[in-house]
Structure formats: structure tokens, C-alpha cells
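Common to both upcoming complexes is chain A, partnered first by chain B, then by chain C.
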Partner chain A sequence: MRLNIDRITALAVLAPSVILLAIFVYGFIGQTFYIATTNWQGLGAVEISSVGLQNFERLFAGSGLPFFRFREALVNTVVFTVLFIAACLSLGLFLAILLDQRIRAETLFRTIFLFPMALSFVVTGTVWRWLFSPRSGLNTLPTLFGGAPLPPDQWAWFTDRRQLVTFTWADASRIVVILIILGLFAFAAIAALRRRPVQALIAGMIGLSLVGWFFLGGAFETLGNVVRPAHGVNLAMFSIVIAATWQMSGYTMAMYLAALRGIPEELREAARVDGCNELQVYRYVVLPLLQPITLSAMIILGHISLKIFDLIYVMAGGDNLRVDVPGIHMYLTAFRGNNFALGAAIAVIMLLLVAFVIVPYLINAFRTEVKR
Partner chain B sequence: MSVLALPRQRDIALQRRTVTRLVIYATLTFWAILYLIPIYLVLVTSLKPRAEVSLDQVWALPRQVSTDAFIAAVERLSPNFMNSVLLTVPATLISAMAGSLNGYVLSKWRFRGANVIFPLMLFGMFIPYQSILIPLFQLMSQLRLTGTLWGLILTHVVYGLPITTLIFRNYYTEIPDELIEAAQIDGANFFNLYWRVVFPLSLPGFVVVIIWQFTQIWNEYLFAVTLTDPVSQPITVALSQLAGGQAIDFSLQMAGSFLAALPTLLVYILLGRYFIRGLLAGSVKG
Partner chain C sequence: MLKRFLSLAIVFVLGFALVGSVAAQGGGKLEIFSWWAGDEGPALEALIKLYNQKHTGVEVINATVTGGAGVAARAVLKTRMLGGNPPDSFQVHAGQELTGTWVVANRMEPLTELFRSEGWLDKFPKDLIDLITYNGEIWTVPVNIHRSNVMWYVPAKLQEWGVEVPKTWDEFLAVCPKLKDRGVTPLAMGENWTAVHLFENVLLAQLGVEGYRNLFAGKLSWEDGSVKAAWALFDKILNCTNPDAASLSWQQANDLVIEGKAAFYVMGDWAAGYMTTTKGLKPGEGYGYAPSPGTAGVFNMLSDSFGLPKGAPNRENALNWLRLVGSVEGQDTFNPLKGSIPARIDADVKNPNLYNSYLQSAAADFASNALVGSLMHGAAAPEAFLNDFQTVVSVFIATRDVDLAASASQALAEATAVR
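Showing the complex of A and B:
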């Protein structure tokens, strides 16, 4: 009897949190999906009617600045995510390995590399805006050694207008579809090798039908109209990557360092006895053991970079198209332009992008936990 | 290195080791300087009188130290600093307490469906908050909580629940079930157990969670800029507007940045060990 009352109490204690999260997370997400299918614009009492998926259609294929801007933001996010993750992982691993060499002042170095994590993205943005302002900051660093300042038009940092690679939206879509097709075929091949014919067959069929769809040309009829202006890899984005890496690389360093400390010394010793030199010990023993940490770090950094907002908003302002991201575009569309329907549509796409990364991760984390 | 090796060989090996150590220390120092450059510039700029912040003097040490910029920053930002304190302290404590109770239930009172509900709760800490921002703003307007700190506190408590619950749940899993069972045999009920057995063991968990939530809420921007008005703005919003002005006063901005960063930096320097633990707990498996 006692136990039953306690069980009910336990559920009653948990209930408020569950209900609040049900409303604030799932209820609100549902509401956002709904708003995204309407034409809700403007403040006050306005007539709202359903428009189906029109908002999404426009974002991906419409002409007009807000829609072009969304696609530019999407391209920028992909570029940012790739560069940011690569920079944080490599720098974090590099620093962690150095710190793992029985360093005297380890605590001091660790504190220095990690302290930016304690700062607000707003502080980082304000400081780096100053560091990267073309007429002062880093560009005038040579004056400290008696040199001339770097020319601001060549070293424009986040105000740079130049693009490294340019492509149209239709090109980008083609590339994405080709990548998906290649991915599906690779998956099918691996499944076939592992003797899982059903998986191989399904992936192969989807891949083949995409190839058919691709060559029949039906895919890009609408996109064909949206040729100009060009998207690309914007040089300005590199400044944001530097600032973000300054802030977040300490995180990957801490993760890698914790993992390195978890590798038993006997394992390394055994490799040395087998004739490995220090480099080979890392190459064949340590690095393979760090793979799960790398995956976790990629997912954590990936979901941060896909939703990044405040750093860029404070550093470069809201109207710098070259470093625009969906997080900023959504905020300005909904809360400055009062176009709530379009803002909600952008938010839905952001959520889907993040969910694509996070949901498999959560499912996997809990599957292994239940097995344990 | 064998003891029998010739002295000459030993010398060479020792020399190579010393060179390697030197390279390692030099590389670490180089990167440490790179990481500290922004801090140097913040301090140097904020301590200069405004007239001295000229283009060719950006990197030079101040010829005379001036606290004008700091005084101006304190004057401009102290109401917002107070708002941040009034926001962060209650939101942190409430979400930590709720997380502790939730973690206790989820780790010691396992029920059917917990393995579905818990991941569903966790998903809430990964979502881009833009995807709930419009309905959140609607609800807060209807409750007349926009433009007050109360709405922001409620928001931070709710969206803090997943991470605080996660950290406490993982922490309480380490408490042996036998301890709970023994107390149950002695007649302890749900709350007796929590207060007499679980809570007294929770101090390290609370330190990690409180530091984590404090840092997150103090540094947060998107909710703050959406839900507050000029009177109730926390310091992050006020700082961003300091930067947005037309006549850019860099020494004021840098002094303001320093002020906004100070509380979380202090926490980090004093309690860094726990900060790192919270950081690593964020990667779910903990």
C-alpha cells in the first residue's frame, strides 16, 4: 500500500515538468507548423487563412528578396557548419594531444583554452566585431611592430563581398540530389555486402527512381527560373568561423582530453612494447579509440551551428547578406517584419535540419542504454 | 631507454627529448597567446581615455590609465546588470530544484514508459528556439508577461528542465538502490527518502547544475531580446544595443563587454572543474 502511494507521488512530482514541456516544446512546435501553413502577417486582429504549403514552396523556389535571402542563408549555414566543425575538431584534438603530454602548467593552459566557453555569444560578437573591423582591430596589428596596417579593402573580414565558389540555386539543388543518390547507392552496396538484401533493395530502388526523376528533368523546372543572383562560399563567413571556433574549440579540447585520460596507460605501453613509436601509438591505438567522441562532438557542434543566431547578429548585424543564416532571417522576418507565417516556415525548416541530426543520436543513446 | 646504452646514445636521446618538450611548450604558448589576444584588446581599449583610441594606437598600452569608460559602462548598464541578476538567480534555483526532483523520480522510481518520456523531454534542449518563439511570444502576450522578467524566468525554467533533469538523473543513478531500499524498509516515504537520503548526497550535482544554468541564462540572448522591453532588458540585450549605435565608442563597448562577462568568468575561474563537468554532461551520455 505504502509503495503504491509513493509511486503515485513520484508520478505527481514529475507531472508538472512533463506537462510544461509537452506544451512549451511539442504544443508550440505544432502551433508553429500550423502558422507556417497560413498567411498570417501584421499585428492586431487580421484575417488568417490557410495557404497549404505555399510558404515552403516560395522559400525554396520563389523569386523575391526574402526567398532568395532564405536560400542564401541556407547555403551559408551549410558552409559555416562544415568549416566550424572541421576547425573545432582539429584544433580541439591538437590542443588535447599537446596537453596530454604531462605538461607542467596544464591547468593554466586548459583554463586559457576553455575560458571563451564561459562567455556569452553576445560578448564574443561585440569583441570580434571590434577585432575584425576593417579600419582597426587585427588589421592594425602590424603597427605594433612598426609595420603598416593591412589595407581594409583587401582585409574586409565579415564585410567582405567576395565569393570563392559561385553557383545558382538550381545547381545547388542538383548537387544535393546527386549526393543523396550517391549516398543511397553507397548504403545499398554496404547493405548488400553485409547480406541484408531487403535494405539494399529498398535503398537501391529509391536511388534508381531519383536518377530517373533527375534525368527526366521534372525536378528543376520551377528552380530553372531562379538562376540569378548566385550563391557561393562567402569569404565573410570565415570571420564568423574564426570567432565561433575561438569560443567553442575549448569544448572539443575538453571532450578529447577527458577521453584521452580514459584510455588505460597499459594499452599505450603494450603498443610501445610491440615496437610502435609515439606517433604510431597515436595513429593505431589512441585515435581509433577517440572515434565515438568525435561523433558526439560533431553532433553537439552541428546542432549549435545549425541554429546559430546571436553571434552573427551581434557581430555583423542583421542585414549582412553574406553572413546571413536562417536563425537571423527567421527572427527578422517574424519579429521585425511581422510576417509570422513566413517566419514560422523558416523555423520549421530549421527544426527539421536539427532534428535530422539529433533524433538518430538520441535514439541511439537510449538504445545502448537500455541494452546495458 | 636501456640502462646499458652507451653514454653518448643516452645523451642524444635526452637531447631529442628536451627538444620535443621545448617544441610542445612553445606551441602551447603560441596558441595560448592567440586565445588571449581578444582579452588583451578588451582590457587595453577599455582602459584608454577616449581620445587615445585612435587607429595607430589600437594595440599600444594606454599611456595613462583611465576608468572613464568603465564608469560610463557601469552607469549605462547597471540597471540591466541588476535585471540579469534578478532573472538568473531565481530561474537557476527553480530549474535546479525541479531537475533534482525529476532526476530522483526517473532514476529511483522507474515506471513503464519512462524510456519514452525521458528522451522526449531531452529533445527539448536541442530544438532551435526559433521553432517555438512565435507561439511562446503569443502565450506570454496573452498572459501579459512580455516586458517583465517573470515571463523570461518562466521560459528559462521550462527550457532548462531537460538539461537539469538529465544531469541529476545520471548523477542519481550512481546512488546504490540498496540505500533507498533500506530506508524504505525503515518506513521512509517518497519525500522522506528524498530529503534524508538523496538530497544530502546531491551537493556536487547541484553545483554542476547551478553553474551550468547560471552561465546559460546569464548569457542567453534570443528569448531576452524577444520577451523584454527596454526597462526589463538583461545585460546581453543592452550590450548588443551599445554596439548598435551610430557613433561607435569602442572603449565603452569593451568596458561593457567586460562587465557582461565578469560574473560567468568569475564562476568559471573559481569553479572551473564543475563547469567542465556540466559541459561534458551536455553530450547526453555524460
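Showing the complex of A and C:
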């Protein structure tokens, strides 16, 4: 670790970006965390004081409608993320496999499928707002073939107020806690089987204490005891999923296609010689080799969907409850409602959500790099 | 200190990107901040041109931020004010949007002296002066008046359907099924804010002038039976609106009426400007207007105004701007183009070359009716209340739960009151 001229040059070149990042990214993340624990409202020069975790407590268990709206947004985000990733992955894989059949004009199709990615979400949102407009968009398609337009109240797209599955916030939080407990016990059991007693013990202890807090400590009754109204899987969300998938499935297609091209033909040949039919070649040879790509794509799509704002804001407006997401709610709370502390708290929760997705991936990537 | 640091950062990110003209220090400059672009742009430009004629050599910077019916502009304005970089003067709705956000934050200069020296104290209606007064001082110069409680329709279509203009919501609910049977949407509605706009006028009809004023003065509870009755009535009215409301802008909802797909539309009188200028219809012939049901004799108003922020870089130029904005000449230049009526009572509203027949009738009502302030457009309630109230309305539209809406509104009113 001696300072030679190379090291000094390296440090000098790195320093500006490190300093800028430290201030403008991490400094302000810290700032946001701080503001989230205060009661800063309004634009006055009044002293703001710390209120601890009250803002978070309200968001998750407060009875006011603004807090209900946050939880609705959270449920929507989860629904959107699951559907969006599933749709992008499956459609992308399907297109990639089709293109991989050495068809003619492959470049043309590849460009066509990839093209929506070049647009911004704002453009996509505007276009699909027109397409899904219940009175004038896709609903009028049957008239081209002499039929009647689809009724706007049945085919309401992003204006739909219906919910598929409904549940209260109390149900949802109980289910989440039970899942966490089951997950911890499963982890402990696996660790025990692999003869890692320390890990097994820690996971088991945490699981047991959660059980204690949850069932014996009375949390089961009180947790999220906010009854009305119900949350649910909102039909309107599907329109957003379609628009987002239209834009991003070309991206997964490109990734899968590159990976497919990277699989040596010999492997497939070997499988065929061993008696696999084409389906089995994909099932046992190709798909397992695509797994790392799937993971990368999930990470990229996951952090897009957890942070989504522009697409929905443009497509469905800012106050459309059934397609609300935390990003929109944060913007309106902070900059329209002047409640900066609550807005910061929502931002923190969004950051943590994304961190759950990104950090394990980064750790994993970092480890692999070191190994190399 | 920390807050100041953060504010600077927000300005760095938003302000620099959006307003290239920041930090206009010194000499002959004047920066006017607004969200008037597109259809509303020419009115502001005419006013700026007039300013340049009177004050030659002053470079006027027209800092407009469009989008979201002013929401985007107000967000940028907040970051600039927090960052200590105010424009010389900015557009703001007279009333609680100004008081609740800026005056209580001690970021405005009082303008009582200006009103006194210009002799304006008796040139604006008393109810309007009350609206812009807080702690005994006047804080802003109103440039125009819009009316919120107007119901629009096409007379020829109503004749064809055999429908009268309803004078009360009960009358409206009576014709609702008749129109539905004909395949016509009884009442057009657009995205969420137009629903809030509709609700404030239902509220006004249900509570009357006194009740409406008491509600926003904190003297009447949102959980009172009369307010709950307004929510229940709103529920019935919503059943007469188009199911795709959330997909329509206010102009698209207006188009439904013009095209004969919907019968009535409750919207502010910028709709008159839209139908006259953009659609080329004649007031009274191409489109008709009446006070929204149950609000005859009441003028539910909102007013665009300009204030003087503390620390304005070109204070003298800004004061000259305010003198122009509040003058008869300024108001008669601005309003015919904007499609609104002047806030001054001595402006030239009878002049048919300037003001069309709709605007003349609005001006007559403005002079004689009881005035109340609009909720949706920043007069009656502070931004913090309005922001969350829009959530309440969107939840109500989805759930139709009267008790929930009532208790939630009361909780909001208590949490956000400006007294």
C-alpha cells in the first residue's frame, strides 16, 4: 500500500466523483432519513423537531385516509412488480426463442421489439392513455369489423375501480408476518441440515421471538388494526402492466437472445444425441443456462417497477387511487401538500424496498468479481 | 442549517434545470413566475408588453412552468423560495393557497401600503379584500376573477331531449334517468380534480352560503349531518356521471357536452373561454350557462393574483408590476384575453368590444351576488388540506363510504387548520 505516482493519480482522478457522490447521493440520502424523523411541514423558517419514527408508524398503522392511500399504493406496487416482471420475462423469453430460430429478417424484428425501449415512459404513458381511453381507444376496435364498440363501463382499463381479490391491511400484515416466521424457520431447518448450527440458532431464535411477539404478545390483534376500506388487486393496474411490458419486454428479449447465442451448439447437439426432443433441450439445457440472465433482468426490472412514477402519472393522472404508487404519493405529499417530513418517510420506504432488491445482487456480484 | 442545505440541493436539482434565468441580480430586470402557457399565455404576454411600454429598459423574464394545472409550477416555486432564490413576483390563487402556504411562513411582504397609496381599498369588492387580508394586512394584488359554480350545456340539445336546466340537484336527479335512457350521460366529469370541483359546488348547494363559510372557518364540523348529506347527494350525482371520467381532461369532458354525448357539465368559467375561443361557439347560442344547481345568487369565486415575496431581487420593478396588475388598464388588457372578469369593480366590463356576453353576465353576478371562495382553486382551504382532500374524494369515488369521508375530512381540517 505504498503511495506511488500511479496511486496518487488514481486517487486524484477518483476524488471529484467520490466527493460529489458522497455529498449529492449519500449525503442527501442521510438528509432524507433525518427529515423523515421530523415534523417538517410548510415553508416557514420555523424550528423543526424530531418525532422519532412517528411518520413511519402513521404510514403503516395510521387511520387517516392519506395513510390508507400510502398502503393502497404499496399494495399496488407489489402487484405491479410481480405482474410486470413475470410478463416481461415470459414475453421476452418467448420472443428471444422465436428470434433464435434463425428466421429471415431477424434484425428487423429485433429492432422492432427493442424500439419501444428507446422511448421515455412519458411518451409511452401518453400513447397508452390514448389507447386505453375507454371511449375512444382500443374499445372502438370492433367497429373496424362492423361490430359495436366495447362498453366503456365494462372495459374501463386504467379507470376501472373494481378489485379482484380484496383484503384488509390487517390481513395483509398478518400474512406477511406469518410468511416471515415460516421463512425464518425454513432457513433454520436448512441450516441445521447443512450442519451450520450458528446460523440455524440465530434464525430459530428470531423466528421464536417473532412468534412470541406476534401471537403471545397480542400483536396479532393490534397489528395494522385499520379496518376500512379494503385493499386488493386492482383491475386498473393491469393496463399499466400492459403499457410497461410493451416498453420493457424488448429489453429482456435482447438479454435472453444474447444469452441464447452464447450457448454453444455442441451442448444442444449432445442433448439431442442423448435422446432429448426439442422441448426437453430447452427444459434441461437451455433454460438452466439462462438463469443468471433471469436474475439480472429481475433486478433491473424490479428496481424500475418499485420506483415507477412517470408512466402512471402521465397515463392515469396523479389522484387515481386504484393505480396509485408510492412515488406519486411522495411527490404530491411533499410538493403539493407541503408535508415534507411525511414525503421523506415515503421516500425512505421506497429506498429500503429497492435496497432489498439491489443490495443482495450487489453483494453477489462483488463476491463473484473477487473470486475472479 | 441542515434544512437550508437540503433546500439548496433541491434548488440545484430542480431549479437549475427548469429555470435558466435564475439569479437575475441587479438592474433592469423583472422575473414573473406563473403557470400560464398555451391558451393562457397571450394574456400574460399582453400584460408584459404593456409593462414594457411603461417601463422601457426593463428586461422582463417570463418564467413559466407548465404541467399539472399549476402543480408542477408550485413545486418549482417552493424549491426556489426555500433555496432563497425567489422570483420578483409570482402567480398565486388569492386566499388560503397564498395565506396558508406563504404568508404564515413569513415569506411575503404586506401590500397594504401599496393598496392605500394607489387608492385601491374601495376599488375591489369587500369580500375579496377580506380574502386577501390576514392579520390585518393585505398580501396580494388580484388580477382576475373566475367563477367555479357554473353549469354548462348546449341549448339546442336540451330542446331536442326535452330537458330543462335543473335549478336544484333534486331536479337534476329527476331528469337523470330520462337522459340515461336516451343514452346520454347526464353529467360530464373528468379526472379527479374535476370531481373535487363538482363536490365543492354540491357542498355549496347543500350548506348554503353561511354553512359553506362556517365549514371552512372551522365553525361547522365536517361530520355534521348537513355535510354528510352533501356526501350522500354527491354519491347519487356520481351515479349520473360518465364511468370513464378518470381518463378525461377537463377539456375532453367539456367536449362530451359540445358533442351531445353528455347533457350538463359543472366547471369553472375558463370553460367559456375554451368554448368561445378554441371551439368557436357563441355564448348563449352555441353553449348555455346557469349557476350550478342550488347555487343561484351565489358567486363561488377564485382569483389569480400576484404577490411580492420577501427578498425579491428587483423589488422596485416588482412594485411597478403590481401597480400595473392592479390598475384598470392592466386588468382590461389581461382579462378579455384570459377569458375572466376583472377583480376591480370600476373596470370597463360593460364594453362589448372587450367582454363577451358571458363575461358581462358573470361581472353582473359578481357585483350583486354573495361571494364565497373556491375549495379546489386555493381560496377556501390551505394546500395541505386540499392535497389530502383530493385523496378523500378519490377514496370516496371508489368506496362511496359517507361516514369514512366525513370523519376523514374532519381529521384533515383539524390537522391542517390555519388560524
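The rule we apply is simple: the second predicted complex is superposed on the first by the 359 of 372 C-alpha atoms of A that agree within 3 Å, B and C clash if a C-alpha of one lies under 4 Å from a C-alpha of the other, contacts with A are read in each partner's own complex, and residues count from 1 in each chain.
FYI, a contact is a pair of C-beta atoms (placed from the backbone, for glycine too) under 8 Å apart; a residue touches a chain by one contact, two chains touch by 3 or more.
Values in this document were obtained by computation on a predicted structure and should not be read as measured data.
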So, A:Arg129: does it touch chain B (first), chain C (second), both, or neither? both
So, A:Leu65: does it touch chain B (first), chain C (second), both, or neither? second
Name the contact category of A:Phe158: first (chain B only), second (chain C only), both, or neither. second
Contacts of A:Phe335 with chain B and chain C, given as first, second, both or neither: both
According to the stated criteria, A:Met350 is in contact with first (chain B), second (chain C), both, or neither; which is it? first
Return first, second, both or neither, reflecting whether A:Leu306 touches chain B, chain C, both chains, or no partner chain. first
Determine, under the contact definition given at the top, whether A:Phe238 touches first (chain B), second (chain C), both, or neither. neither
Which holds for A:Thr143: it touches chain B only (first), chain C only (second), both, or neither? first
Figure out whether A:Ile35 sits in contact with chain B (first) or chain C (second), or with both, or with neither. both
Between chain C and chain B, which one touches more residues of chain A when both complexes sit on the common chain A? B
Contact residues of chain A, present in both the chain B and the chain C interface: 24, 28, 31, 35, 129, 135, 317, 331, 335
Can you tell me which positions in chain B touch chain A when the two form their complex? 21, 24-25, 27-28, 31-32, 35-38, 41-42, 45, 55-56, 58-60, 98, 101-102, 104-106, 109, 111, 115, 117-124, 126-138, 155, 158-159, 161-162, 165, 184, 187, 189-191, 215, 218-222, 226, 236-237, 239-240, 242-244, 250, 253-254, 256-257, 260-261, 264-265, 267-269, 272, 275-276, 279-280, 282-285
Write out the stretch or stretches of chain C touching chain A in their complex. 2-3, 5-6, 9, 68, 71, 74-75, 78, 81-82, 101-102, 104-107, 191-193, 242-248, 383-384, 386-388, 390-395, 397-399, 401, 404, 408, 411-412, 415
The answer for chain A against chain C in the complex is residues 24, 28, 31, 34-35, 40-45, 48, 64-66, 68-69, 129, 132-135, 152-153, 156-159, 161, 228-229, 316-322, 331-333, 335-339
Given the complex with chain B, which residues does chain A contribute to the contact? 2-3, 5-7, 9-11, 13-14, 16-18, 20-21, 24-29, 31-32, 35, 95, 98-99, 101, 103, 109, 111-123, 125-131, 135-137, 140-141, 143-144, 149, 246, 251, 254-255, 258, 296-297, 300, 303, 306-307, 309-310, 313-314, 317, 326-327, 330-331, 334-335, 340, 343-344, 346-348, 350-351, 354-355, 358-359, 361-363, 365-366, 369-370
